[in-house]
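Shared between the two complexes below is chain A, which pairs with chain B and chain C, respectively.
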Partner chain A sequence: MSVPIMTLDKVRKSYGDSVAVHSIDLEIAKGEFIALMGPSGCGKTTTLRMLAGLDKPSAGEIRMWSRVMNDVPAWERDTPMVWQSYALFPFLSVLENVEFGLKQRRTTDAVGRRAKAMEWLDRLGIAGMAGRGIDQLSGGQRQRVALARALALEPEVLLLDEPLSALDAHLRVRMQTELARLHGELGITFVYVTHTQSEAFAMANRIVIMSEGRVQQIGTPQDIYRAPATRFVAEFIGASNILSGTLKESGAGGIVIENALGRFRSAGATGIAVGQDAAFVIAADKIALTRAADPAEPGLDAVTGTVAAEEFIGAVVTIHVDLPDGRSMFVQKQQNEVGRLGLARGDEVRLAWHPQDTFVIPG
Partner chain B sequence: MDVTPPKRSRPRIDRFAVFWASPSLVWQVAFFVAPLVVLVWMTFWRVKNFKLEQDFIPDNWIRIFSSGFFYDAFLYTFWMALVAAVLITLIAFPAAYALAFIASPRTRTLAIVALITPFFTSYLVRIYSWQIILAEKGIINGVLGLAGISPVNIIGTSTATMVGYVTLALPLVLLIQLFSLSMVDKRLVEAAYNLGCGPLKTVFKVVVPSARVGLVIGGTFAFLFAFGDYVSPLFLGGSKPPTLSILITDQVKSGNNWPRAAVVAVVMVITLMATLTVMSAVAYRRRGGAR
Partner chain C sequence: MNAATVRWILMGYVLLVFLFILAPILTLVAFSFNVDRFPALPWGGFSLAWYEAVFADETVSTGFRNTMIVAVTTAVVATFIGFATAYVDYRYQFTGKRAYLALASLPPTVPVVILGIANLSFMAAIGLSGTLTAVILGHVVIAAPYAMALIRIRLADLDPAIEPAAWNLGATPWATMGQVIVPFCKPAILSSLAITAAVSFDEFMIAWFVSGIHETLPVRILAMLQGQVSPRINAVGSLVFLVTVALVVVAQIAVFSWRRKRPLAGGGDG
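Moving on, here comes the complex of A and B:
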């Protein structure tokens, strides 16, 4: 990575005794679409507000290019934000809202300003609303005004705080597509806060998973999905099974974890010492599902259990399987694959997987 | 996507609302509308040998509206009230702003108590104390004298009247402003900063427009208080030039002319109602809309 457009260097934010953000290190590259994701209260908004200069870090350094930004007031920065609540000015018309930031810049005269604001309204498909008051707009239209107001400044970095959370599901998907398209066309760096996985995975180049004010993992959607670094990430993403046990072997031949269900192999290395608690993670769609009576495929690790429930979401079926020791696992398959098996509740099944598809996290 | 803006549905007047509104309606009719009707009626009576007689003659109206002193008094009163409204609004705003945005919750609570207390002390007493301060040999001139400055003539001037008006209306205006500033959405202030608008400019571009209703209503109250006040122009302003309120008492005192006093009073009520109507329209004017 060349010089990052924004850098968070051991940034911390505390309010009295409570710490909102512990110590975040993050480098954001120019043109990236980076998503900060995590459950409510994990410090996403606080992080974004520090990037905007609305909150001051209690410790650490925030840099834009190589300039230290800690003491630069918000109004002298170029990091407009799209707010969760939109924060549009109700006493101004749509057009005046979009012109607001441009007016502060004083780079153009009134005519140029108006033209620019209209251009952005047009680009977001709401040019017809220019003369309206904010209270005369639907939620989706407000969202577009908020975007136009920020983008009209043509900033290097756009900050977005759960911008789609107030929209209904249908509109949310449309706006996702549109945001991704805008990002592609403009080459602006997007820092996008969300607690919704689908948004982050659909749009971001890179995802930062946060929990309780700490970064849990930074990686591409692929990395996060396939190789969650911690139990928290694995559970938060929810796409994988986590089976805990004790680390029995660790060496050139791979890793072996043992629990009540048996011994399970995993490829790759880990920093966990032999004898310690560990868990291995296997993605739900990497598991082969067969009837327990069918012959086992050699070279795979497997467990057997009984079918507890099936869930259909579109063409994908999630099958929950109860294991003999009281745990359960889930498998995700295309509907046509499962249909062949003709499973019913209570049927004995075998779940099998390649050891290479698993990896180990601390217990 | 192009959802038409929601139509503002007219609130349905249901029986429940009418039931709960009726006590205050009865009160309004009994103690405001009825006396007003009597007042208007009285403007057409006549005074004979210092005695009031029922009649229906336009003479009182003609007499008042053809006398120059009435117009002078009207313009003076209106002007003074207008200056008071602007002045008090300007004096109150920085304090209300500091209390709403900067002060700690504790300080704010204390300030609110301090602002409400004057409502329970006699206005007249406060005016008397201003007399002592502003008098020819009063505290201000005493201090000026110590500094070797010749005494200034404050008591008996419009300035003294204005001091009284400020005393009268400032606490209420400050409270109204404080409450409306407290309701300003802080996120809008941050949004302005975020769009490159500095703090001072944000006060005028975001805070003032957001608190417009409170600021206008506060100023209007100051106007109403000053326009109708009798105590300050009498005790501090020395009745010169006379305000409309002084004119009313003059009409009654000299010649027991209640009908002419009623004419002046009706003119005052009409002025106040017109001001209130115009200012509410200003306060609640909607921005944007179809253009």
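Moving on, here comes the complex of A and C:
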């Protein structure tokens, strides 16, 4: 990676005794769409606010290109933000809101300002609203004004703090597409805070998963989805089954984890020593589902159990299976595939998977 | 009893209450236009003589001028202090904030006689006794809490993200104050100017203690009452009432202008 546009170097933020962000190292490349994701209180918003200069790191360094930003006040930075509440100025018109940042810059006169603001309103499809007051707009329109207001400054980095969380579901999906399109067209860096994984997965090139002020994993959506690095990530994503046990073998031949259900192979290396607690994760859509009486496919690891419940989510069905030792697993399949099996509650089924589709995490 | 009957009874009750409150004032206004020397029924006839007498009376016009100077200055200073106090409460978290707010709201709860005496001895000690400045200072003390309360209510409606959003867009804290906070608070500031002017305009006790020879209108009215019973007092009283009501109405209009325009909740399509 060439020089990152933004660097967080062992950045820490504490308020008295409580630590909001422990020690974050993160390099953001120019043009990236990076999502900071985690449950509320994980430190993602604090991290974003530090990037904007609204909170000052207690320790560590934030750099933009190679300039240290720690002591640069918010109003001297070029990192406009889109707020969860939109934070539009209620006493100004739509146009005046978009002009606000340009007015502070004093780089253009009133005419140039107006033209630029109109250009961005037009680009976001709300040029017809220019003269309206903020209280005359719907949520989706406000969202566009907030975006136009930030983008009118033509920044290198745009910060977004849960910008879609106040919108209803169908509008959220539409704005998601729009944001991804804008990111592609503008080629600028988006730093996007969210607690909704569908948003992060749909738009981001890279995702940073945080929990309790610490980074749990940084990776592409595929990495995070397929190979969660920690139990927290696996549980937070919720797309995988976690089977814990004891690490029995670890070597060139792979890893073996043993529990009451049997011995399970896994690919890849880990720092976990033999004899310690470990778990492996297997994505719900990577599991083959057959009736227990059907012949087992060779080369796969498998468990058997009974069907506990089925959930339909459009074309995809989630089947919950109770295992003999009291655990349960879930499998996601296309509806037509499941239909062929004709399963009913209580039926005996076999769940099988390739060892290379599993990933080992600390127990 | 059906709902309509209950409504009529309640409306009648409210009317009675208003009548009870306003009857003496209405009587005063009515008799200020009465040609007779003594306020007695039947009404003798319409006359503006008492108003002419009031406007011709130099002590009254001086008193009125003093009152206006005091009211306007008090309104500006008290609103400024009230705004600053409310903003500090809005922007900062600090230990002792409750005590700070309690202290800032305290003056109107102190009996005015005590305030008057305290003002007198303090102003005498610093050599300001008997000046309009002393009256203004005394009035600012009792009026500023009203200003703070009004502006604080307004600030409570301000999205906490708005100010950082302005900084984030390149506005310095001072620019944000001028372009965001003050414009947002404008209705409350106008309302506060009117209310604090009204508080000062008809304040008697402090003015009586510290004004010395620079009588304000309420002090002048008392002096007139002590001297003789004259319908001129009705005329002056009517004028004072008119100004005070006008100020309160202005304050109410300002408050309603923002209460009506509260933003709708988010969501919806677009």
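Note that in this section the second predicted complex is superposed on the first by the 363 of 363 C-alpha atoms of A that agree within 3 Å, B and C clash if a C-alpha of one lies under 4 Å from a C-alpha of the other, contacts with A are read in each partner's own complex, and residues count from 1 in each chain.
Keep in mind that, in the parts below, a contact is a pair of C-beta atoms (placed from the backbone, for glycine too) under 8 Å apart; a residue touches a chain by one contact, two chains touch by 3 or more.
Keep in mind the model is a prediction, meaning the values are calculated, not measured.
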- Since both structures carry chain A, what do chain B and chain C do when superposed there: clash or fit? clash
- Message: Let me test your reading of the model: by the given contact rule, A:Ile282 touches which partner, first (chain B), second (chain C), both or neither?
- Response: neither
- Message: For A:Leu137 in the superposed arrangement: first (chain B), second (chain C), both or neither?
- Response: both
- Query: Can A:Ser93 be said to touch chain B (first), chain C (second), both, or neither?
  - Reply: first
- Query: Who does A:Leu351 touch here: chain B (first), chain C (second), both, or neither?
  - Reply: neither
- Query: Can A:Asp168 be said to touch chain B (first), chain C (second), both, or neither?
  - Reply: second
- chain B and chain C footprints on chain A meet at residues 52-54, 73-77, 79-81, 83, 85, 87, 89-91, 100-101, 104-105, 134-135, 137-138, 140-141, 149-150, 153
- Task: Using the touch rule from the top, collect the residues of chain A that touch chain C in their complex.
- Result: 52-54, 73-77, 79-81, 83-87, 89-91, 100-101, 104-105, 134-135, 137-144, 149-150, 153, 166-168, 171
- Item | chain B contact footprint on chain A (complex, rising order) | 52-54, 73-81, 83, 85, 87-94, 100-101, 104-105, 125, 128, 131-138, 140-141, 149-150, 153
- Message: Taking the touch rule as given, give the residues of chain B at its contact with chain A in the complex, in rising order.
- Response: 1-3, 5-6, 185, 187-188, 190-199, 201-202, 205-206, 209-210, 212, 286-291
- Which of the residues in chain C come into contact with chain A in the complex? 159, 161-162, 164-173, 175, 179-180, 183-184, 186, 261-264, 266-270
